[in-house]
Amino acid sequence: MINYNPKEWFTFIFRIHKADTVRKLFPMFVALSIYSAIIAWLELEVWKLSSNSELKNISLMHGLLGFVISLLLVFRTNTAYDRWWEGRRQWGALVNSSRNLAIKIQAMLPANNTADRLFFKVMIPNFAYGLKNHLRKTYIHDEMEAIPGQEPLHTDIGKHVPNQLAQQITSKTMELYRSGQITGDQLILLNTELQSFADVCGACERIKNTPIPFSYSVFIKKFIFFYVMSMPFGYVFSLGYLIIPMIVFIFFVLASLELIAEEIEDPFGKDANDLPVDTICSNIRLHVSELL
Amino acid sequence: MINYNPKEWFTFIFRIHKADTVRKLFPMFVALSIYSAIIAWLELEVWKLSSNSELKNISLMHGLLGFVISLLLVFRTNTAYDRWWEGRRQWGALVNSSRNLAIKIQAMLPANNTADRLFFKVMIPNFAYGLKNHLRKTYIHDEMEAIPGQEPLHTDIGKHVPNQLAQQITSKTMELYRSGQITGDQLILLNTELQSFADVCGACERIKNTPIPFSYSVFIKKFIFFYVMSMPFGYVFSLGYLIIPMIVFIFFVLASLELIAEEIEDPFGKDANDLPVDTICSNIRLHVSELL
Amino acid sequence: MINYNPKEWFTFIFRIHKADTVRKLFPMFVALSIYSAIIAWLELEVWKLSSNSELKNISLMHGLLGFVISLLLVFRTNTAYDRWWEGRRQWGALVNSSRNLAIKIQAMLPANNTADRLFFKVMIPNFAYGLKNHLRKTYIHDEMEAIPGQEPLHTDIGKHVPNQLAQQITSKTMELYRSGQITGDQLILLNTELQSFADVCGACERIKNTPIPFSYSVFIKKFIFFYVMSMPFGYVFSLGYLIIPMIVFIFFVLASLELIAEEIEDPFGKDANDLPVDTICSNIRLHVSELL
Amino acid sequence: MINYNPKEWFTFIFRIHKADTVRKLFPMFVALSIYSAIIAWLELEVWKLSSNSELKNISLMHGLLGFVISLLLVFRTNTAYDRWWEGRRQWGALVNSSRNLAIKIQAMLPANNTADRLFFKVMIPNFAYGLKNHLRKTYIHDEMEAIPGQEPLHTDIGKHVPNQLAQQITSKTMELYRSGQITGDQLILLNTELQSFADVCGACERIKNTPIPFSYSVFIKKFIFFYVMSMPFGYVFSLGYLIIPMIVFIFFVLASLELIAEEIEDPFGKDANDLPVDTICSNIRLHVSELL
Amino acid sequence: MINYNPKEWFTFIFRIHKADTVRKLFPMFVALSIYSAIIAWLELEVWKLSSNSELKNISLMHGLLGFVISLLLVFRTNTAYDRWWEGRRQWGALVNSSRNLAIKIQAMLPANNTADRLFFKVMIPNFAYGLKNHLRKTYIHDEMEAIPGQEPLHTDIGKHVPNQLAQQITSKTMELYRSGQITGDQLILLNTELQSFADVCGACERIKNTPIPFSYSVFIKKFIFFYVMSMPFGYVFSLGYLIIPMIVFIFFVLASLELIAEEIEDPFGKDANDLPVDTICSNIRLHVSELL
């Protein structure tokens, strides 16, 4: 994620940032310019169509459908943004559960039980890192800490990693209960936090694996394409070669909205707009180690 | 569900996919073309109506109602998408509950109790498969696993299958409690997961059995039909025979939105846009068997 | 509620269903036709107003306010639909609680305690029927089952019926706890379900008794009325007697949205668009009796 | 709150109700009429500006900004309505908690403990009345019942009244637990209800004390004012003195939306559109006394 | 936060408040006026472009994109407002938890345990103040009260302050449980409140640290800039020098929405539109001290 100061308007407007849609759409801008220049040249100079031509009125259609395309892009923007924001809320829930589990474990365990404190101090952040890498379909061994002075826990990379880590945390908690280190009432207090590990993982997988229904994705792209491509035919009569900057600007607006939506729909990657998952993970490690 | 890469614009735009609304609406495109060609021919060549005719101004109405129809289709799209996405969240909740139940049972049961572990290993995924088939009004015997080395549990196919499976899981849990395999405090920890089976089932039935109110469905279809059918009368004077591609494109846009909404409103079937329920079921079986 | 197949477009478009707004608005269509015919006749043939008249430009106002009226009707539609859907979710919650309570009671009670199983088998569906009739301000004695072989429970029809039924279920549960048939931990497991009876009842009463604020209801009706009634004055110059079908169609669209919203806002009655509350009740009775 | 039958269209349209925005805006209607008459007179008869004047085209701006003002008013309407509806849901939650607490206490207390039943029978409705008056910044001694045969509980009117009432209920419950009248498991069952008293109070205070951000309130009012006041300059050329009814109607629409939003934003007062808080309170007293 | 009476329209419209966007945008108004005056002068008086020029029709583009920019600004407004309101709800949750914890502790602790009552009386408000200052990246020692007659608790300002305060409250509660001052059942009742401290803190950090995705922020600013800057080219032909007030007013509307959204997006600061966090903190201290 890019950290930025939203109040620096001029930088925003004139700098073309790496993640800027202007950069990505630039080849299309060139292609569209050539395309509409050719149409303008053909209609105005080769065929010399009269400006009373019926072709001019095809732009009535663009007016009528302007509402629909706008509303559709807003629908697209809202759904993509909702996923992005729900992803953020899920990682926020993981932060809260990690902290609350650390706070509770620290308060519940007898003062002299440092070994089990150490277990949670290492394993809670490990879950966050394991989940992050699971969502990116990778496994980074160096990000997982070992528990000092204890046999390393076995994690099978071929299987579902976050599930195994959640299970190790739950098993250790049940062991503490069975051995009387925490009472039954205290165990009940830990339930929310223990559950939330698998819940956050499932919710993130859901966001990642379920893009907007295929038909909408196809439909919006087809709609933008034919809307923009048919535009020069009618507007050339009113605008002449000024059609070129107009088409480019309209395409910039419509395609940018679709492009940004595509990018933020899967918010767990490393794109410029994705969530700051790496920072959240290191914050969890920092704060849990302060607490335990 | 179709897996797709949302960034491949050109494939989207030029390939006509099986689930594409273009394919479904094609016969209507032909019919509408003929219809508007006839009207254009009649008005322009048979009756030779003057372009100052009052009929031309009927298109004022299409401009005025353009807002309403757009907003109505967005309302339709939003409600259909919300059901689709709620359906996905319910199946996500089932994934989470299945995992959490497996994690907790594994951690709670005494190490030597393999028979009961086996019960949950088989029955948790069975519930997912039973629910999937219940929502599709079928029962696939081969998808239900038996518990190795135990008498098969009786499921009455004439009755509500997911309820029976949920009951078998709850009964087994209460039995474990009565026999002292799990304590009362541990039983309380399992409550959320046990409850969620019937909750997910009820929510999916609700989504499946409650389409958008009948009056809206009728009204939107009537509105689109009369809006599009009355369009050529006025626009023929400005557009001549160009009315044909315009009507087809406008109908494509309006009817596509209604068609897609109809398809995703009931998201548990096997349509191209439906949820990947089969994949979710096999993932539950895979992950539960890794955990238990 | 009407069960329908949303894919049968042609039936929808050409059949005028009992619940169709066309039927309800038909008298208004006739009145409006006469009204706008008179205005057209006066302006065009009696007063012979020039089409350059300033009166023609009053239609500028209709263009400007077209947005506002559309957005307002969408607001109206959304809030009415939200109540309808929340009502459906509340009844879905009742289905889930009924099933979960039946599943849990069946699993918790000692195998030989058939009398108390019978109590819940009868009383859980009775609550659903009692609530349904309470929301319709009636009491149908025949829909309430008695508990076979037991003294019938007294229900005072003059008082709040669902509250009394919820109380009888809660009292019986506490009695089971006091007599040791269920343990304290099991009692805690039943809490969600016991609570949900009064919660669902309260939520349904809230939806039923709180329509959209009075001022909005007045304002939207006044706005539609003056908007449509002032429309012929300006548009007559462009459209002549074609104003008649145009006014009727625009009124059909605007008034339909308000009419449907009014109907679904209180979704517990027996209107064509109301929720299938009767079916839900008999399903609860069926499924609970399968489980207990 | 006004109880009304939403289906009586004609009453709505022609009667000017006390809460109607027409009544409140009437002086503004007169002022605006005079204002636009003067502008029309100056432009048309004093300065005799040509209708080709550039001033005429200022109305292009009104067309362009028509979208923004509509969308902004819908945003305003949605946020105000959401507060109103959330306020209603909070009071609904209080109804549910009051009923559930009465149901549970009745079922839990030993049959002979009438004194403590009486305590809850009096104190639960007292909380509702206390909260209602607290939100209206008043204290009505007569609405608070005393517990028959017991020393009246001291409530310090200078302090936060609902907090004190919630505390008296919680203290009594803990006392019942300490004296063994209810068990620990039963105490856990009462937690949701006990918590909800302070939760509902806090949520209502939040709604009451946090109007829409100051800048939006200023901005919307400024926008409506300049939009409407600048309107006659351009439209006079098309409409002549017909500008007067048009300006009044447009102002009626825009200002009504803002006025209604202002009124329902704080829904706990005694305005015509406010929530029926008094009725809810007396219903709580009625139903709790039926239950206990 | 500014307290204001939303019904004083005239003050709003004519006073230019400190937080008013008019004040902030004033330099831009001047610059834009000069810019569009120059364009008007060049096009009309230097180059003497004919009003049939194709340049005039560039304003078609502004009409077409008017929908998109309006909808985009509404999206921006909604997301910013949602954060602001969620921030308010989180602080409301903190108020509720603080009160409920105080009410419960007061009712649970034995009457003679004043020392521990004092602890909560001091520490609950301290958490609110600590969180407020943490969100403003500061630490104000004087706002933290010490517990009279006890050793001051050590808080390490270099570490995460709210976490430490939440831990001190949780540790004290566990100590009370271990020493038998509160029972296990009572401990379970305190769980919601104890958890909510870290939850509210995490949610506020999430709102503060996650502005709208970078790409949207860039895109909206670029869009507004090019939309407004290209406007004079076409509209000059219709409006002459009247383009100046029109451009200023349109820019005022569009930029105000973006400016207000930027300001309320991070609602925990001391800006005019920020949440009344200081007042909430002092209310928590007041009400907790009334209760304990």
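We just call them A, B, C, D and E in the order they show up, numbering each chain from 1.
Methods note: a contact is a pair of C-beta atoms (placed from the backbone, for glycine too) under 8 Å apart; a residue touches a chain by one contact, two chains touch by 3 or more.
None of the values given here were measured: they were computed from a predicted structure.
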{"item": "Count of contact steps on the shortest path from subunit B to subunit D", "value": "2"}
{"item": "Angle of the C-alpha superposing rotation, subunit A to subunit D, to the nearest 5 degrees", "value": "145"}
{"item": "Same-residue or different-residue interface between subunit A and subunit B, half as cut-off", "value": "different"}
{"item": "Approximate Å spacing (C-alpha centroids) for the pair subunit B, subunit C", "value": "23"}
{"item": "Whole-Å separation of chain centres (CA-atom averages), subunit A against subunit C", "value": "37"}
{"item": "Contacts with two or more other chains, residues of subunit A listed in rising order", "value": "63, 67, 71, 74, 184-185, 188"}
{"item": "Touch-based graph of the chains, sorted into line, ring, star, complete or other", "value": "ring"}
{"item": "Subunit D contact footprint on subunit C (complex, rising order)", "value": "54-55, 57-58, 60-61, 63-65, 67-68, 71-72, 74-75, 79, 159-160, 163-164, 166-167, 170-171, 173-174, 177, 184-185, 187-188, 191, 194-195, 198-199, 201-203, 205-206, 209-219, 221-223, 225-226, 230, 262, 265"}
{"item": "Of all residues in subunit C, those that touch subunit B in their complex", "value": "1-2, 4, 6-7, 9, 12-13, 17, 19-22, 59, 62-63, 66-67, 70-71, 73-74, 77-78, 81, 84-85, 88-89, 92-93, 95-96, 99-100, 103-104, 106-108, 183-186, 188-189, 192, 235, 238-242, 246, 249-250, 253-254, 256-257, 260, 263-264, 272-273, 275-276, 286-287, 290-291"}
